[in-house]
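As written, the chain order gives the labels A, B, C and D, with residue 1 at the start of each chain.
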């Protein structure tokens, strides 16, 4: 399988839910239009931001199917099939393939987590081979999954066992490992940078593609970082990254980027509803304060200019 | 809801799987007979030992249904409905109730885990109210779920919100908290001791019921501990606990109590097959060495005497 | 070296400090009288409670010297020599021996902590051999030192390398390991229970001696637990343990057992002054609230009855 | 106090020890000549690499004094005064000032660690004010000290309390926080990058000075990174960073950068002797293998070219 390198930004879309907690995929079409308009190269569906592991398998496939319908040559649809259950993960992978997803990804299972790279590769293999025609990505996010092995070892171990291995969504600030993954095997792997607030560090170490949640509404800011960086205008790139950090700080303050990031979607016209428990949505008072802080830092002017 | 206190031992049964990884519930009937024969008062189905979160929801319900058929007045069937997904957990709870389970339990969701007791109670409430006629247990196992709040605070917060709250499966060595849970509200809660190797400590702090995995094959040893303890023969109780620790040490050495405990079931005539990935079963060499160590410590003589 | 088993309770004394932060050993004599009066069998000096690692080596030796002067056949003086620096630890051990301490103890070094049991034993050995005539104890307190190895492995590794090894101050709730340490080598090691609030669990697993900070003011309550337990009055023992837990809960609420435990000493007539930074003493408002909670739970009546 | 920004690289020197474990400062003069020759702008003495907390206070001052004698206008001498004991830290700070150190630094105390930023600032303040004429740096190294607060909060809290606050040695890969520290208060703080293998990320976020252990022998490689980065030759900078990562990987494989880094000093003609326990030096077999790996990656050619 030839590995296509992702250039540019992929969004991790929020999953629409109604007030009764039901999945609502009605706005996926306009959501996808918005993402395409602001330059996204695809979506990473039903991962952390998409509350994938907070849904039933059936619900996840419903969401994946909706996004697959927006797929195009310029717009990738990567389906996250990770689960504590390998039987669920395999099912999600094979069904996503059948529905037309363009690639599959899984995070390491967060319960009874693998105790070694080997166990993790074995787990990955069975899922990857459930969709053998599709590129397979491992989703490395140790701060949330608790599964933390050196990704260079994972690639080394996995490459002979997983023919459709394509790369890693690398959501960690261990840039030493990221550097190794990017350069190993003549740079063949597609290593997708994961922490939006550290994009500049990823670029420094050679990342050319990234997946994130704030790209849902601030992709142009990040494309600016990439452009400035590429042109050697490092100080300008740094300034834009600082703006992104300023916004992300506000998100962290208001229950984190998942909860308040989802709330932002409503503020910019793509209502995605509340989050699922155990996540708790912003109260109306929190919402007001949140909006004010966003206003004060020039957030709305920025996104309206896109 | 009147809370029935569990007296005695409840097994966390292993889930039968065939070599293709399919669920196999054919031996549940003979398995249940064995458990009843050695004195078990019930089962805690599809929890950690039962690899519950390693199955699809459909598979879990198949297992729960099989065990429900063995239910009797003297043999409880508690269905574990915990999941990273609240929609799965609610479905598992309501379906388990429909199938005839006698009680519901959930652990805290191990991914995007609750950040406070309140979030955990809110999550619990929605699941508990999906089976409102059944006693609801919270399954506290912080070493595996990563969800770690003081259980006395959980009870205080939950009791007004969850009418069918019955108690806690307390799998932690924080006996200070266990003591508080046992004595609070005039001792009304059913607090089930969780670590087999520390049963003696649980008894000291007032536990009278326990759930565990080694009760599957050594329940009489533990009933001996309870009896000696109750009769004030503490040194005898301690000796028996030391024997249990000796066996558990061997289990830990051979990939842990889940993997090698499951292997033991085959050795005593109730074959449950291999474990699911990411767990890895014992190799045939490991299996031989494991059997030898069990033999050397007198394990088979002991279980054959039951 | 014949190992003497400690029977009964040893206090971890607070270190007197004046308002300028200077060490003040003037009240050690009356402090020791108090401890002897309420039944203590000795002191564990300059450990965690004594803020040992918060002092200079010179200050620590001043404190140790003061306590050594209170030593008697019935009153042990164990000097804690643990440090991040092995040269300091060796010096503290040899000087403590010269001053007349009766035994030496160290915790594992909390900075650049040993990565294996072997490194920890090597570190211990050099310190133990700096006071080769004195019994040597390893002070296992993983929650604070971050050094966490199975103590049965430590004993196995250390016994051939440290001729004066006497045992372990075991401040951990891993009672499985405690049980192994107590029973191994025909029960030769002196294993001192460490968590006051869990004394009952330690007794169940066979501990007969204990070191703690709340013994400074509530030793008779704990002797009651030991007596009830020994006589088979487990329910009475449990009730007393619950009382201890009730008090310890209040300590935890008010900046922890070190800070508020030290404050209690002033309330019962043995003023030990404030704590050292980074610890922060109770404000006067906190102090009032603290006293009230102690009063409400009957603390003063209890200690005045001794 | 006007804050001087450090431009360029500062080494964290290894501390010379003889085979009996005694401190040996005889080679400090030739060591300093070497560092000056390869472009270092100063030293950070008796920190982690210098095994500062593994020495007695007296030993530390001996080492600091030796390095102070090498101080010049172009060669800073920052004395690390961190300790678990505030009395030791204050003494080390005031004595270092008296001996002529040019700045003081402390890490957060790793035992009974501060529970909030406020406690950490209070601890820092007393040390900083023991050398009030000297710039004071906080040494942020959470992976080793266990003290982990957002450094932007530390600066905000400390700036009104510590008049001689100069900045932070930032040894963490939380570049979001580093970015905030660099830009806050109009960029007045001296924020020193800490992880050698991630220098490129630090530069991206605006760091202009760095402290590290591999600068002891590879400073020119890192100056190349800085130069390439500054000139917009990012790919060349990345290549050099990859070379540094290659070497650091070998260090990690051989007991870590402290142990094998110290061994390298002997290989390049500045013998610093063994490490202190609990650290363990390389065995002669390990040493051979280590040398071979260094040879194979071109290490000696590289350093001989300086």
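The rule is simple: a residue touches a chain if its C-beta (ideal position, glycine included) is under 8 Å from a C-beta of that chain, and two chains touch if they have at least 3 such contacts.
Note that the coordinates shown come from a computational prediction; the quantities given were computed from them, not determined experimentally.
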Where subunit A and subunit D overlap in contact partners, by chain label: none
From subunit C, the most remote chain by mean C-alpha position: A
Numbering shared by both copies at the subunit D-subunit C contact, with half separating same from different: same
Rounded Å distance between subunit A and subunit C, as computed from the means of their C-alpha atoms: 50
Rounded Å distance, subunit A centre to subunit B centre (Cα mean): 36
Inter-chain centre distance, subunit B versus subunit D - centres from mean C-alpha coordinates, in Å: 50
Sites on subunit C at which at least two other chains make contact: none
Chain-to-chain touches, reported pairwise for every pair that qualifies: A-B, A-D, B-C, C-D
Residue ranges of subunit A in contact with subunit B within the complex: 21, 48, 51, 53-57, 59, 83-88, 91, 108-115, 119-120, 122-123, 126, 144-146, 258, 276-280
Sites on subunit C touched by subunit B in the complex: 173-176, 179-180, 183, 195, 197-198, 200-201, 203-206, 229, 232, 234, 237-238, 241-242, 245, 248-249
